[in-house]
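A, B and C label the chains in the order they appear, each numbered from 1.
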Amino acid sequence: MLLHSIDVIGTFVFALSGASAGIRRGFDFFGVFVVALATACGGGIMRDLCLGATPPVGLTDIEYMIAIIGAVLLGIFCQELIMRMEKPTLWLDALGLGFFAAFGSDKAYQMTGNIQISIILGCASAVGGGCVRDILTGRTPIIFSKEIYASASIVGSAIVLLGSARLISPTIAIWSAIAVCTFIRIISIHYQINLPPITLKTPNRPK
Amino acid sequence: MLLHSIDVIGTFVFALSGASAGIRRGFDFFGVFVVALATACGGGIMRDLCLGATPPVGLTDIEYMIAIIGAVLLGIFCQELIMRMEKPTLWLDALGLGFFAAFGSDKAYQMTGNIQISIILGCASAVGGGCVRDILTGRTPIIFSKEIYASASIVGSAIVLLGSARLISPTIAIWSAIAVCTFIRIISIHYQINLPPITLKTPNRPK
Amino acid sequence: MLLHSIDVIGTFVFALSGASAGIRRGFDFFGVFVVALATACGGGIMRDLCLGATPPVGLTDIEYMIAIIGAVLLGIFCQELIMRMEKPTLWLDALGLGFFAAFGSDKAYQMTGNIQISIILGCASAVGGGCVRDILTGRTPIIFSKEIYASASIVGSAIVLLGSARLISPTIAIWSAIAVCTFIRIISIHYQINLPPITLKTPNRPK
């Protein structure tokens, strides 16, 4: 129940970030809605397609749709409110990141029993939507160069597998995963910690 | 039979728009062909992957392939003819839009029984290929900011579900959906009606 | 056994090209890793999703992952070595291209019995990862306008089907396909042979 609330909150916050990106690009209502939908559901769709879990749950559940439409309307009509709420939004985004990573990784492990793909798809669930958002709005995906974002989701994806594999209680594992991922993310925002970019030593490189 | 003809015509016209975009970018024959294929089949592939209907029908049917190759050759060798045919091409494109929306939405409903995903995938069938075309040629998807295009496909996707759910005759529903979607699109071209872009009220927005 | 070695070598070289592209864009470690993974596995994932062969084999096999991580570390820490090895790398890339085309086309034929989709997916296996790499790093896919790359993979994909359809020995077919595709590619690099770009005759074109 609490988990489900976090899921919907995460969907809402992710959709809000997509809607904001679309509005900044001057999209019309439909464009803003598509970017919001793709940001909120894109990671989960990637995960579900790779698992053969069709149709993707993100497209069939009315609660997600309500959360997304709510985010779009809020993004359009309450721009000043959203500006004032920037900090809480970032915290909720961190919470959503933790949830999607933990949930995605656990779902992948239940369906495949393969640790490697579970971590990859946990991370993809959490950050895939943001990648799609950036590509649709004509930017290089921000998670590739800014802030500890994807790395936090990888840690969360790995922790949850301790529970999926019954090494510790699944309930403890999922809550620990969400907590640790969210915590890493918030710390990295607060202290503006980035992974360093890879230094390019040579002027010309092979294709 | 008539429906099937519309399907192939729509595929042809979509492929032509992809081929034109690739030619304008200076692609070679292969590049032009890939963009044409992706534009014509991209939406249907998205729909079929989300429905678990593999392999996607757009990649296995020889008639689509002939239509796509025909469009590529016409795009390359008859550029002046295509310029003179711009208006009829837009009408055929509107017809294809209506068909893909109606067919995609109906197929999704038959396979899932879920209204929400049927409308989403009807719309994706109709406009997904154009999005892929724009991303492959390095542009922000035009449907997000110009003209009533996707909105028309959503209306068509919704109308066809009245028939899928047996509220009205499925035959009437599918023809109404195609007609209404095509009509909305042609009217919006003729009178140059756009959805308004969302106004950005504040200079800085949260990520 | 030898085929499997070529597979892992191809994965490694493709990952290296992805890692190099990510490093040039100033991505952090995670970004470089994702681009390497997407380049190495992107084509195979497209193929497997279209075939309904989930989860995609590229995401579950530890050997690929080791090859990818190795390529990322080499890309980051041995940039000068990689520069000196540019020519051998191009040859190995050509070999990987041939293998992925032949293997992808054969797998598609075994699962569908359809020649058209087998050639398309053989080509997609071979060049899809490179397309994803270019989109993730904000470039127009290079295979659309430069060098005989995809065309070589189409020839390889077609040759292997002679064996898949039992017209010739499958073993001979797969080795011929790899050899011919690799040979075409190396010749085109050596003599800098490109497909000509399509000439744009008219200043304005229909959308």
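Operating definition for what follows: contacts are C-beta pairs under 8 Å (C-beta built on N, C-alpha and C of every residue); 3 or more make two chains touch, one makes a residue touch a chain.
Molecules present, by chain and UniProt name: A, B, C = Putative membrane protein YeiH.
The structure displayed is predicted, hence computed values, not measured ones.
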item	value
Required minimum of steps from chain A to chain C, each step between chains that touch	1
Rigid-body rotation angle, chain B and chain A, from Cα fit (steps of 5°)	120
Fraction-based call for chain C against chain B, same above half, different below	different
Distance from chain C to chain B - Cα centre to Cα centre, in angstrom	29
Chain C: positions in contact with at least two other chains	49, 52, 135
Parts of chain B lying in touch with chain C, wherever the complex brings them together	17, 20, 22-32, 34-35, 37, 45, 49, 52, 54-56, 59-62, 65, 76, 79-80, 82-83, 85-86, 89-90, 135-138, 142
Contact footprint of chain A on chain B as seen in their complex	49-52, 108, 111-112, 114, 116-117, 120-121, 131, 135, 139-141, 143-145, 150-151, 154, 194-198, 200-202, 204-207
